[in-house]
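These are the structures, in structure tokens.
Presented sequentially are two complexes of chain A, the first with chain B as partner and the second with chain C.
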Partner chain A sequence: MKIRLLRSEALRNRLDLMALLPISGWEVFFYLIPLLFLLIISFWTSKDYDLIPTWSLSNYQEVFSNPLFRKAFLWSVWITIATLLITISVAYPFAYGLAFVVPKKYRQVILIAIVAPFWTNYLVRVYSWQLIIGGNGIISQSLIALGLIDTPLQILYTHVATSIGLLHFLITVMILNLYSTLDNIDRSLIEAASDLGAGPFRCFFWIIFPLSVPGLAIGTMFVFIFAFTDFIAPSVLGGGTKPVFSQMIVDAAHWNANYPMASALSAVMLLAISAFLLLLFRIVKGIIKG
Partner chain B sequence: MRRTGRYIFFAILGLVLLFIFAPIITIVVFSFNVDKFASLPWKGFTLAWYSNLLLDANIIEALKKSIIVSISVALSSCVLGFLGAYALYRRPFKLQNVYLAFMISPLAVPWVILGLALAVFLTRLDMEGSLVSVWISHTVFAAPFAMLIIRARMSGLDSRFEEASWDLGANRLMAIWYVVIPLTLPGIIAAFLLTFTISFDEVIIAWFVCGFEETLPVKIYGMIRSGINPTINAIGSIIFIFTMSAAVLSQILIRKPRDS
Partner chain C sequence: MATQSYDVILENVSKSYHKTRAVDRVSLNVKQGTFLTLLGPSGCGKTTTLRLIGGLETPDEGRILIKGRDVTHIPPYKRETNLVFQDFALFPHMNVFNNIAFGLRMSGVDRKEIDRRVHAMLEMVGLPEVLHRRPNQLSGGQRQRVALCRALILEPAVLLLDEPLGALDAKIRKQMQAELKNLQVKLGRAFISVTHDQEEAMTMSDEIAIMNNGKIEQVGTPLSIYERPVSRFVATFLGDCNLIDVIVQNVAPDMVTLRSNLGDFSFTPPTAWQPIVKGAAASLMIRPENIHIEEVNPAMVNRVQGIVSESIFKGSNTEYQIRVNSTHINVQVQGRSNLKQGQSVTAAWRSVDCYLFS
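For the complex of A and B:
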């Protein structure tokens, strides 16, 4: 009797874990293998739109020596850092106010107001900035009507426009991350600190800020990856005159059908992301320990 | 000090909300404008762009394809995600964190790269350029997402409910069908709505793998590239209202406290 029970128990265990198979199989077959294959063909070459399995580093040499790629890479980094800094400096006071200033009953409404557009079509949202910041757009037209400027604004199809499109999406991400950590801070810690004579500034720098670092780090991670790799905002708002790195990948793959080149560019992009994440991890570790 | 801090905060709050809603309001307002270019002054009210949209067979066709793909993605993601979440819920195992990290990683890989990898891979298998390839590709990131949402809901589920039903004579499948699924239903519905929304919105992966079977976002992307076209404003307005309601609904379902 006991043995039979045990056997059915073991069988049960196995059956339960079998439920993990479909999703794992899907991810291995349609995610892991394609990514590994991409890595492999980055060492191949392309001739007449065909892949030729020769092992060489020529694609990587091209990526690092071609000034076009180097410029695109630097532009991507530049847009990403600018977007990240603006996101943090706007989202931090916002999340702080939401967690510590706004009465509880209004918080939910404000959160839903911020989150609702977040789920709507990113492409259309990016496009609608064309209507606002374009030469014939609302801002430009209003400023001309008010006599503040003579010629239409030249923001659209620049990196500033790209950054505006990214900010519109990423500010929400950062606010949500920061708010959830700030809201979890134990209020008695702050009270204790002020009872012991700490002013608002010392309270902030010694208690609130260090405790908000995890949320800040996760938000930064997301903002960095998204801003660095997004293709929609650069192609719809940034235009094609000063392409960023993701546009280089799409150009190589889609327009030139040079998949090995596109793969090598992708590998470099993934490498850059990993390097940044490693750096971020180190900094966060330093702050939390120090 | 307190008061100035408060004023600064409310100023930031107002500006951020304005910034976030500006594009949405703009696109809805200009979808009713007579002028072909979205510029001031206002030229008059029209529904012409909406009727253009309804009469454009290509757009309606793309919309149909998008809905088919998104529903398939949401369904397959919920099935795969539910099974995965159930296995992790019943039998936690060693290295579970490593496994979860692997399952979450598709959400962190840039979509340009995921699209490229799938385009190359599916071409090798002669499976590219169809709605099936879009479905496969979207499920890659939607299924783990659904698994995380359903798992979060399931973690609040008392395992004794299911065990009680076994003692009362239910077999495993009956217990899942009559006990586990009803109790995690809000999570499953939320996962369905969110994966539907993400798939319905996704452009770049679909653009890489869809070939000539353009989904709606791919179609819109093509229209944007070919220049100003107020019909885009009309589509955008409809999509905004549609996805915003789905998103708000799923938010409410996720937040709702346990009813058990």
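For the complex of A and C:
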């Protein structure tokens, strides 16, 4: 009996492994191998739109020494951090209210309203922001009509516009992430804390916040990666005067066909994201363990 | 009695959800240091009553006093009560030490004192080795003890327990019943527990309050409720019983005579009995263990003739069903008994071994 049980368990394990095969195969062929190519190419050089397979660190030297790249990197970091902070400070109270204050019967409607923008493609939405915040857009025109300003607002083609485009999308992502975590917190834990002498404020800091950290971390991860790598919002809304890092990659690959350079830039971007995620996991671990 | 000698007083407390009264004008006095159990079927309002005492619900009307202080509108974090939750509600992100220390931290006790008291607590429940484990690394019984420690460390005037043993398996439950009772006696604090398990209530409680439909039907010691229930509901909820519909024929101080379609019976009322007027319809309750079949003696004045229709051997006792006319009477006989199905028997009980209520 026992042997048979073991055998069936081993069989089940093998089946489980087999179920993982298609997705891991996909990952290997369409992600890991191309990534490896990218890393290899980043050490090559390019001449007259041709790849020259010689090992060289010149691309990386260029990435780290060229002030244009450095500036673009810092702009990306700045936009990402600002977007992240605004996203959290808007989404957290909203998700909290939705999970703990709003009566259950209204939540569904609000959640649908939050998800509704996802029915429109991101690119389309970014373009529609052009119309809204542009010089002849609704916002400027209404403010002028109200007599609050006399010249159109200069939002479009600035980093503020980029942030708006990102925020519109990312706040909803963050809300959904946080809401599902907050809503999953066992209400009796909050009652227990209250019963043991924690007022609403301390209840939040000792119980609700630590338990929401996993959702917050996943949201943060998503927001960071998306904001840091997106080139649609910066290209459509931000304009080209102060380009961000992702635009550098697009420029190198698309306009200059300098794939080694683009690869080196991508590798640096990947490194920056990895560094951030590592830091994030450290912090999260610290909070959860503490 | 002065209000100080009661740890908890409920005065006409009501609480409604969606127009149904979960708790309906409940009044209850919990004497100092007693173990009181709110017992009733699910949905009878016992848990809501407990949560009202703990401040997790606010009553729509009525007053709640704890140690003589009106706490009706005092939030839970300012009340001298602590609750052991049904599923224990241990904080999953904290280890055992931090779970137990939580209450002390909230009241600003210094580190050394916290350390000392948490260790003393765990020592008391015999769990000193689990200090650094997370709740999900504990067994059910251990979780239950940790939840107890966490609630007791603040030395509450009243400890509230919501189905405290419901999440445990039968074997540990028995053991925890005894432990809980011992703990309560040792601490001398009032415990108010909620359960639907009558055996648990009988084992642990000094007093039981039987609830039904948001109301308290009866409060008393387990023995008094078992022997002298005030209603059909209480009689059937607490243990097995036989109920015979009767008409009161005559009421004398030491003897009440009754008529039913099974024959005439007599009942000797105890001192605290609420008299029922002559001619009224009432229910006569006889516990199965008080009915005798084989050793009938002259003191057993109430007798019925019947046929054994079923017998179940249960180890320490045997249960019989005796058919009398069209009704069945349940009889429990200690030890082994050799009555056969279809055998004609006389079932008898003393006039003091039954109880009459309307």
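Here is the rule we go by: the second predicted complex is superposed on the first by the 262 of 290 C-alpha atoms of A that agree within 3 Å, B and C clash if a C-alpha of one lies under 4 Å from a C-alpha of the other, contacts with A are read in each partner's own complex, and residues count from 1 in each chain.
Just so it is clear, contacts are C-beta pairs under 8 Å (C-beta built on N, C-alpha and C of every residue); 3 or more make two chains touch, one makes a residue touch a chain.
The structure presented is a predicted model; accordingly, all values stated were derived computationally and were not measured.
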Partner chain(s) touched by A:I232 [first = chain B, second = chain C, both, neither] | first
Tell me which partner A:F30 touches in the superposition: chain B (first), chain C (second), both or neither.
-> first
Touching partner for A:S266 - first (chain B), second (chain C), both, neither | first
Which partner does A:W206 contact after superposing on A: first (chain B), second (chain C), both, neither?
-> second
Please work out whether A:I288 is in contact with chain B alone, chain C alone, both, or neither, and reply first, second, both or neither.
-> second
If touched residues of chain A are counted for chain B and for chain C, the larger one = B
Examine A:D186 and indicate which partner it touches, taking first as chain B and second as chain C; both and neither are also allowed.
-> second
Can A:L196 be said to touch chain B (first), chain C (second), both, or neither?
-> second
Chain A positions within both the chain B interface and the chain C interface are none
Residues of chain B touching chain A in their complex?
-> 1, 5-6, 8-10, 12-13, 16-17, 19-24, 26-27, 30, 37-40, 79-81, 83-84, 86-88, 90-91, 93, 102-103, 106, 108-114, 116-122, 124, 136-137, 139-140, 143-144, 147, 172, 194, 197, 200-201, 203-204, 208, 217, 220-221, 224-225, 228, 232-233, 235-236, 239-240, 243-244, 246-248, 251
Tell me, which parts of chain A touch chain C in their complex?
-> 186, 188-189, 191-199, 202, 206-207, 210-211, 288
Tell me, which parts of chain C touch chain A in their complex?
-> 54-56, 75-78, 81-83, 85-87, 89-93, 102-103, 106-107, 150-151, 154
Can you check the complex and tell me which residues of chain A touch chain B?
-> 12-13, 15-20, 22-24, 26-27, 30-31, 33-35, 37-38, 41, 90, 93-94, 96-98, 101-102, 110, 112-125, 127-132, 134, 136-138, 141-142, 145, 167-168, 171-172, 175, 200, 225, 228-229, 231-232, 235-236, 246, 249-250, 253-254, 259, 262-263, 266, 269-270, 273
